[in-house]
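Scrolling down, you'll hit the structures one after another.
Shared chain: chain A. Partners: chain B in the first complex, chain C in the second.
And then the complex of A and B:
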C-alpha cells in the first residue's frame, strides 16, 4: 500500500497585485516515494505550486487562496513554514533565493539550516563534509557564497536543501545553470535519494530527463493541471502540443523511422530505449538482406 | 569590429586564477557559442570584453585599440553584456525605464528611443509589460528585459550569458529570433549556454572552455565529434547526436531531419 504524502485539493491562488489567478482548482495527489515531474510553459504556475507545497503560499506571499493542501498530514495553511520545512524542502528556481546572506563561507551557509534545527556542532561538521563531497563542492567550502559562478551557487543551493534530509524534496528547475555532465551527476544523486525513499517533485524543461526519471508527469497550463499520467501516457498524448510542450527528442526520431506497429512499442522515450530499438531495426534489416 | 584577446589572465582578489591565458579573436557576425564546465571562467571572460572586469595580465584590443584607453561606459556603445543573473542588471522601476536608460546615456534622440522601444519590446516579447516593475516579472521575462535593455543601445557586439536558463519552447524560439535578427543586421552575438540542443540549433562556431582556458574552437561538427575535449569540459552532445553516435552512423546528426536522413540511408545501404 502506498500512502498519500501530498494532497492538493481544489487549490486556487491569486497573487495580490495580479488580476489573473496563478493556480486554478489544482487537484493532485503524490504518494510517498514517488518521483513526480511538473512541466509546462513559462508562467503556467509551476513555481507557484512549488511555493504552495512548502507553505510559502499562503504563509509568506500576499494573495488569495482557496482549497487546501496537506503535506504528511499537516495543513500547509495552519502550520508554520519552519515546521513544514522539517518534512518538505524546496530548491528555488533562482539559487540566490536559497542563500541566507548572513554566511561568509559556503560551509557556514550549509551549517545555517542545521543550526536552526539544533544539530550539535560535531555532527554538523560531519554532515557538511559528507554533503560537500557528494555535491562536489568541497573546494568551495571556504569561499564566499556571493563570489561563485552561477553553476557553483546552484550546487550550493541544492546542497543546503539536501543536507536537511527532508522527506520530500521540491526541485524548481534546479539544474538550469549546471554543465551537462554535472547536471547528469546531480540527477543521479536525486535518483538515488528517491530510491532511498525520498519523495521528489521536480519542475523541469528537459523532457528527455523527465521521461527518464519521473513516475508521474503533470502538465500545467494557465494555472491548471491539464494532463497527467505516466511519462508514456503524457508524451504520447495527441493533446501535448496544445500545451506548448514537446515530447523527448527520442520519441520524435523513433516515431519517424520506425514502422507503426513494428513491435508492441514502436517508439522510445529514453536514450537507452531509443538506442536499443534502433539497433534492433538496423540488425533485423541486415538479417533480411539476402531476401531483398 | 574585431576583438582580439591576448594572453588574458584574471585573478579575483579573494580567489584563485579564473582565467589562465586566453588567446583568441572574434570578428564578423556569425553567432558564437561559448560552452564548458561550471567555473570554467566563461562569465569572467565575457565581463572582460566590455571592460566590466580588468585583466590581471594580458590585453584586449578592440579594432586595434586597447580596451584600457576608454571606460566601460564608452565601450558599452559597441559591446553589450547581458548578465547571467538579471537581478544584477535591473535597477529601475519599470521595464520602459530600463529600456530608455542606456540610449539616454548615449544621447540618442527621444524619437529614436521611442522607435527602438517599439521594436525591441516586440522582439523580446515585453510589449504588454512596459509599465511593469522588473521585479514583478518572472525569471525568464526578467532575462528578456535585460536583453532588451542592451539591444536598446544597439551595440555592434552583444554577449548573452546563459539566456536559455529556464526557457520554455516559446522562449527558446524567441531567443533564436533575436540571434537571427542580430546576425542579419551585421551584429555579432556571443552566447554562453549549457543547453546543447540550443547550441546546435543556433550556432556553428563554438568555443569550448574548461579551467580558465579555451580548450578548442571550431564548428559544431568538429566540437561534438571530439569526445576527449567534451569530457574534459563536462559537456555532452545533445540527445539526437548521442543516439546517432551510439548507432555508429557515419555522419553526425544535429536535427531530427538529419538523423532521419542518416538513419534511413544506413538502412538502405545494406
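And then the complex of A and C:
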C-alpha cells in the first residue's frame, strides 16, 4: 500500500512585493517512493513550489499564502524549516549559494548539516566517506569549497543534502552546472536513491530525462498546475504546446517516422523505447517487402 | 592559508586557536602596559624570527615595512614634536623641538600596533578560520555569533571572486580594465551595481541554505567535525603569555 507523503491542498502564494500570484490553487499528492517531475516555462512557479514543499514558504519568505501543505503528516506552516529538513531536503540551482560559508574543506562542508543535528563526530567520518564515494568527490574532501568549479560545487551541494538522509529530496534544476556526462552520473545516482525508497521531486528542463525517470509529471503555467499524469499522459497531450513544453525528441522522431495507427503504440518517449520500436518496425518492413 | 610543512610550521599550526588569541592579546596589552617601548621591539623581533621560521618572513617584514614604518614616522612626528607631555627635549629641528616623553610614547604605541598586527597576521596564516570559531564555540561562544564571524570572514574572498568573474566578462566584451587609474575606475564603477544586486540574492539564498541544513535546530548544542585539542604545549604557552602580561605590571607597581 502506498501512503501519501506530500499533500498540497489548494495552495496559493504571492510574494510580498509582487502583484501576481506565483502559485495558484495548486493541488497535488505525492506518494511515498514516487519520482515526480515538475516542468514548465521559466517563471511558471516551479521553484516557488519547491520552496513551499520544504517550508521556506511560508516560514522564510515574506508573502501571502492560502491553502495547506503537509509533509509526512506535518503542516509546513506550523513547524520550522529546520525541523522539516529532517524529512525533506532541497537542492536548488545556484550551487555556490548552497555552501555554508563556514567550512574550510569539503569534508567540513558535508559535516555542517550533521553538526547542526548533533550527530556525534565519529559518525560523521563514516557518513562523509560513504557519500564522497557515492558522489565521486573523494578527491575534493580536503579542498576549499570556495575554490571548486561549478560542477564540483554542485556535487558537493547534492552530497550535503543526501548525507542528511531525508525521506524526500526536492531537486530544483540541480545539474545546470554539470557537463552532460557529469549530469548523467548524477541522474543515475538520483535514480538509485529513488529505487532505494527515497521520494524524489525534480524540476528539470530535460524532457528525455523526465520521461525516462518520472512516475508522474506535473506541468506548471502561471503558477497553476495545468497538466498532470504519467509521462505518457502528459507528453501525448494535445495541449502540451500551449504550455510552452515540448515532448522528448524521441516522441517527435517516432511520431514522424511511424505512420499514425500503423501500430497500436506508434510513439516512444525514451531512448530504449524508441530503439525497440524502430527496430521492430524496420524489421517488419524488411520482412514484408524483401529486397531483391 | 599557505601550507609550509617544516616542523615548526606544523607545530604552530597545531596550537589551539584560543591559545594563539591569548598570546596575541597578552603580547599586545603587555607591551602597552610596560613603561618602555624596547620590550615591544624585542618581541617584534621574535615575531619576525618566528615568521621566518615558518616560512612567512617576507610577508611579515613587508607588513612591518609597509604599515609600521609610515605609522611610526607619523606618530614620531606628531607626538615627538608636539605632545604636551614633552618636558625633556632631546633634539632641536629649528621649527620644533623633539621631546623625549612624546617620542617614547610614539614608539610604544607603534610597537604595540605592530605586535598586534604581526602576531595577528601570523595567527591567521597558521590557523583555519573554522578552527578558530570551532574552538570559540566549544568554549561557550554563541553559535549564531560564531556563524556571523565565520561567514563575514568568508565574504571577502567570495566578493573578490565575483568581481573577477564580472571583470573577465567585461574584458571579453572589450571593456578596458587595465591602464590608467581613471580608466580602471571607469571600468570598475559599473561593476558595483551587479555585485551588490547579486549579493542580495546571494544573501537570501544562503539564508535558505542555512535553514534547510538545520542551522540552530539542536539549540546551542551542535557537534563539530573539527576537533580542537588543548595539549600540554597549549597550557605551557598560556601560562607564559599570562605571566608576561602580569610581569609587565610589575614595573608599574614598584
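As a convention for this text, the second predicted complex is superposed on the first by the 289 of 292 C-alpha atoms of A that agree within 3 Å, B and C clash if a C-alpha of one lies under 4 Å from a C-alpha of the other, contacts with A are read in each partner's own complex, and residues count from 1 in each chain.
Note that contacts are C-beta pairs under 8 Å (C-beta built on N, C-alpha and C of every residue); 3 or more make two chains touch, one makes a residue touch a chain.
Because the structure is a prediction, the values reported are computed rather than measured.
Student: Quick check on the superposition: with chain A as the shared anchor, is it clash or fit for chain B versus chain C?
Tutor: In the superposition, chain B runs into chain C.
Student: Just to be sure I read the superposition right, which of the two partners does A:195 touch: chain B = first, chain C = second, or both, or neither?
Tutor: neither
Student: Of the two partner chains, chain B (first) and chain C (second), which one does A:41 touch, if any: first, second, both, or neither?
Tutor: Touch partner of A:41: chain B, not chain C.
Student: Of the two partner chains, chain B (first) and chain C (second), which one does A:152 touch, if any: first, second, both, or neither?
Tutor: Once the two structures are laid over each other on A, A:152 reaches chain B alone.
Student: Which partner does A:271 contact after superposing on A: first (chain B), second (chain C), both, neither?
Tutor: Only chain B is touched by A:271; chain C is not.
Student: So, A:182: does it touch chain B (first), chain C (second), both, or neither?
Tutor: It touches chain B, and chain C stays clear.
Student: Name the contact category of A:114: first (chain B only), second (chain C only), both, or neither.
Tutor: second
Student: Of the two partner chains, chain B (first) and chain C (second), which one does A:92 touch, if any: first, second, both, or neither?
Tutor: second
Student: Does chain B (first) or chain C (second) touch A:279, or do both, or does neither?
Tutor: The first partner, chain B, only.
Student: After the overlay on chain A, which stretch of chain B ends up in the same space as chain C: 7-15, 61-69 or 79-87?
Tutor: 79-87
Student: Pick out the shared contact residues on chain A: the ones touching chain B in one complex and chain C in the other.
Tutor: 94, 96
Student: For the complex, give me every residue of chain A touching chain C.
Tutor: 51, 54, 56, 59-60, 80-83, 85-86, 89-90, 92, 94, 96-104, 107-108, 111-121, 124, 146, 160-161, 164
Student: Which chain B residues qualify as touching chain A in the complex?
Tutor: 12, 14-15, 36-40, 43, 84-85, 87, 136, 138-141, 162, 165-171, 194, 196-197, 231, 233-236, 238-240, 242-243, 246-247, 256, 259-260, 263-264, 266-267, 270
Student: Quick check on the complex: what are the chain C residues that touch chain A?
Tutor: Going through chain C, the ones touching chain A are 1, 128-131, 133, 147, 150-151, 154-155, 157-158, 161, 201-202, 205-218, 221-227.
Student: Could you pull out which chain A residues touch chain B in their complex?
Tutor: Interface residues on chain A, with respect to chain B: 17, 40-43, 47, 93-94, 96, 143-144, 147-152, 155, 173, 176-184, 205, 208, 244-246, 248-250, 252-253, 256-257, 271, 274-275, 278-279, 281-282, 285-286, 289, 292.
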